[in-house]
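Each chain carries a letter (A, B, C and D) given by its place in the written order, and its residues are counted from 1.
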Amino acid sequence: MEEKDIEELKQEEKELLESAKEAVRNSYNPVTGVLFGAAILTESGKVYTGSNIYHSSTGANLCAERIAAASAFSDGEKKIKALALVSEDGAEGKTFFPCGICRQFLTDVSEISGNDFPVIVKALKAKRVFVTSVLELLPYHYDNSFKIE
Amino acid sequence: MEEKDIEELKQEEKELLESAKEAVRNSYNPVTGVLFGAAILTESGKVYTGSNIYHSSTGANLCAERIAAASAFSDGEKKIKALALVSEDGAEGKTFFPCGICRQFLTDVSEISGNDFPVIVKALKAKRVFVTSVLELLPYHYDNSFKIE
Amino acid sequence: MEEKDIEELKQEEKELLESAKEAVRNSYNPVTGVLFGAAILTESGKVYTGSNIYHSSTGANLCAERIAAASAFSDGEKKIKALALVSEDGAEGKTFFPCGICRQFLTDVSEISGNDFPVIVKALKAKRVFVTSVLELLPYHYDNSFKIE
Amino acid sequence: MEEKDIEELKQEEKELLESAKEAVRNSYNPVTGVLFGAAILTESGKVYTGSNIYHSSTGANLCAERIAAASAFSDGEKKIKALALVSEDGAEGKTFFPCGICRQFLTDVSEISGNDFPVIVKALKAKRVFVTSVLELLPYHYDNSFKIE
């Protein structure tokens, strides 16, 4: 996990964050109130976004990053280059990181994609971003081919 | 639940089924083997597709119809006109209907959309289709504003 | 779905409802506020309870009826006789029925158990109860051996 | 994450592993084949077990550790002292760690319990165990009160 100034990011990463930020607008969450937007960049250069949907369903609610990744896969794009996640700022400017369900799903996505892609996380008003990766977010992750090294 | 010949459907419903069928190609499911594709038609005439992704994650796996609906919402399209779901044929030509998780998620989508939209379900090789609706698929559904009538 | 006066139930059903009602006390739900309790009666006469747990996790939250059934199974009791579900009363005395995720899980439990067991649902202050069954709650349910008849 | 010889564990931890091991017997998983058992020790000295249930439902499947924790909570025991998880050995003796959904659920359990309790993980035939904790398993975990420090 690295903390960076947004200016230190590559141009395509800045643009991906911008797409994630725009996706926050389509978030629907009267339940817990936190709005999220995510954007996936594929190897072919396409961008897929997702906005969280939290309503009555609790257990069936969907987070922004799962939707973005699933949209890419459903469009036949299974090579992922990077994921950006933007959310409203929490209390005292805290940044929200992906939930465990998304991390589990993303390890699958990562395995199918064939790479441990970067995950860039930012609170809406923050000037700094956190850069991590799928496997860093889920150490010793569960999967059927996992081995202790 | 009505069983119909595919020729009895409206033109836009036939086309939606065709989109769902194409989405089957992008399904990823080495776990249970059944491939699904879904397509959502919005009031504005746009079509969003989804393909199921089943890998190591079991509980975090995503079905085609949830992805299609979430993609539409994430694109700001929250008025849904119809959903089509196509899957490989089961043993003896059986048709697979949405799982309970998708039905729960779809009741939320339906409530936000403001209508109990039709759900058209078809096995890949079948000549006949099943036409049902979100609320018919989840009678006495759970939600915070539900009332017995 | 039948609506009955509580006095019309069998003695073991009344007792099961009482166990479910007691389980409401252990519910933890600061998120949406609705408290649930469930109780499973097994063929061998044992009772297992569950109380919903809703916290930050949204998608990982667990409902009372899934916990009760899973507790029975984890204790080696895979023959289920009946399920009772009690919740706080909703607005205007409405009764809450199981969510789609629980219905999906319960169809599996039902298939492993070998019977479509009764599900008795009651709001805490209500005098009347609803008696339904697992398969009635999830018509045309998704499973790998499902066939249209 | 520490790797230890089983003899280095405290007596109560060895016994908890034994309970988890016994719970493997009640696992039901014809889907992916890996059998798990979990055991929760509460502050009051009680032990609650769970066995994973994987059937047709994929997304509604439940893991052993979630069931064990939910059983404790449903019995009013919300102070957790330790969790043990035992599974069948993977290929080349690999050890399976909790999935992301369980980790998310356990961070909630941990927060309600008020402590970051130890998680002891062991493959059935392994002589060595891994000792970690809930928060170590989900770094920068998602929750509504999370703050970067």
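Basically, a residue touches a chain if its C-beta (ideal position, glycine included) is under 8 Å from a C-beta of that chain, and two chains touch if they have at least 3 such contacts.
Everything numeric here is computed off the predicted structure, so don't read it as measured data.
> By label order, what chains touch chain B and chain C together?
A, D
> Relative to chain B, which chain has the most distant C-alpha mean position?
D
> Using mean CA coordinates as chain centres, what's the chain A-chain C distance in Å?
Result: the chain centres lie 35 Å from each other.
> Rounded to the nearest whole Å, what is the centre-to-centre distance of chain A and chain B, using the mean of the C-alpha atoms as each centre?
One centre to the other, that is 25 Å.
> If I count partner chains per residue in chain A, which residues reach a count of at least 2?
In chain A, the residues touching two or more other chains are 32, 56-57, 59-62, 99-102, 104-105, 107, 142, 144-145.
> What residues on chain B touch chain D, complex-wise?
Residue list for chain B touching chain D: 31-32, 54, 56-63, 99-101.
> Which of the residues in chain A end up touching chain D in this complex?
Within the complex, chain A contacts chain D at residues 1, 32, 34, 90-92, 94-105, 107, 130, 132, 136-142, 144-148.
> Give the list of chain C residues in touch with chain D in this complex.
Residue positions touching the partner: 23, 25-26, 28, 49-51, 53, 55-57, 59-62, 64, 66-68, 70-71, 73-76, 78, 101-102, 104-105, 107-109, 111-112, 142-145.
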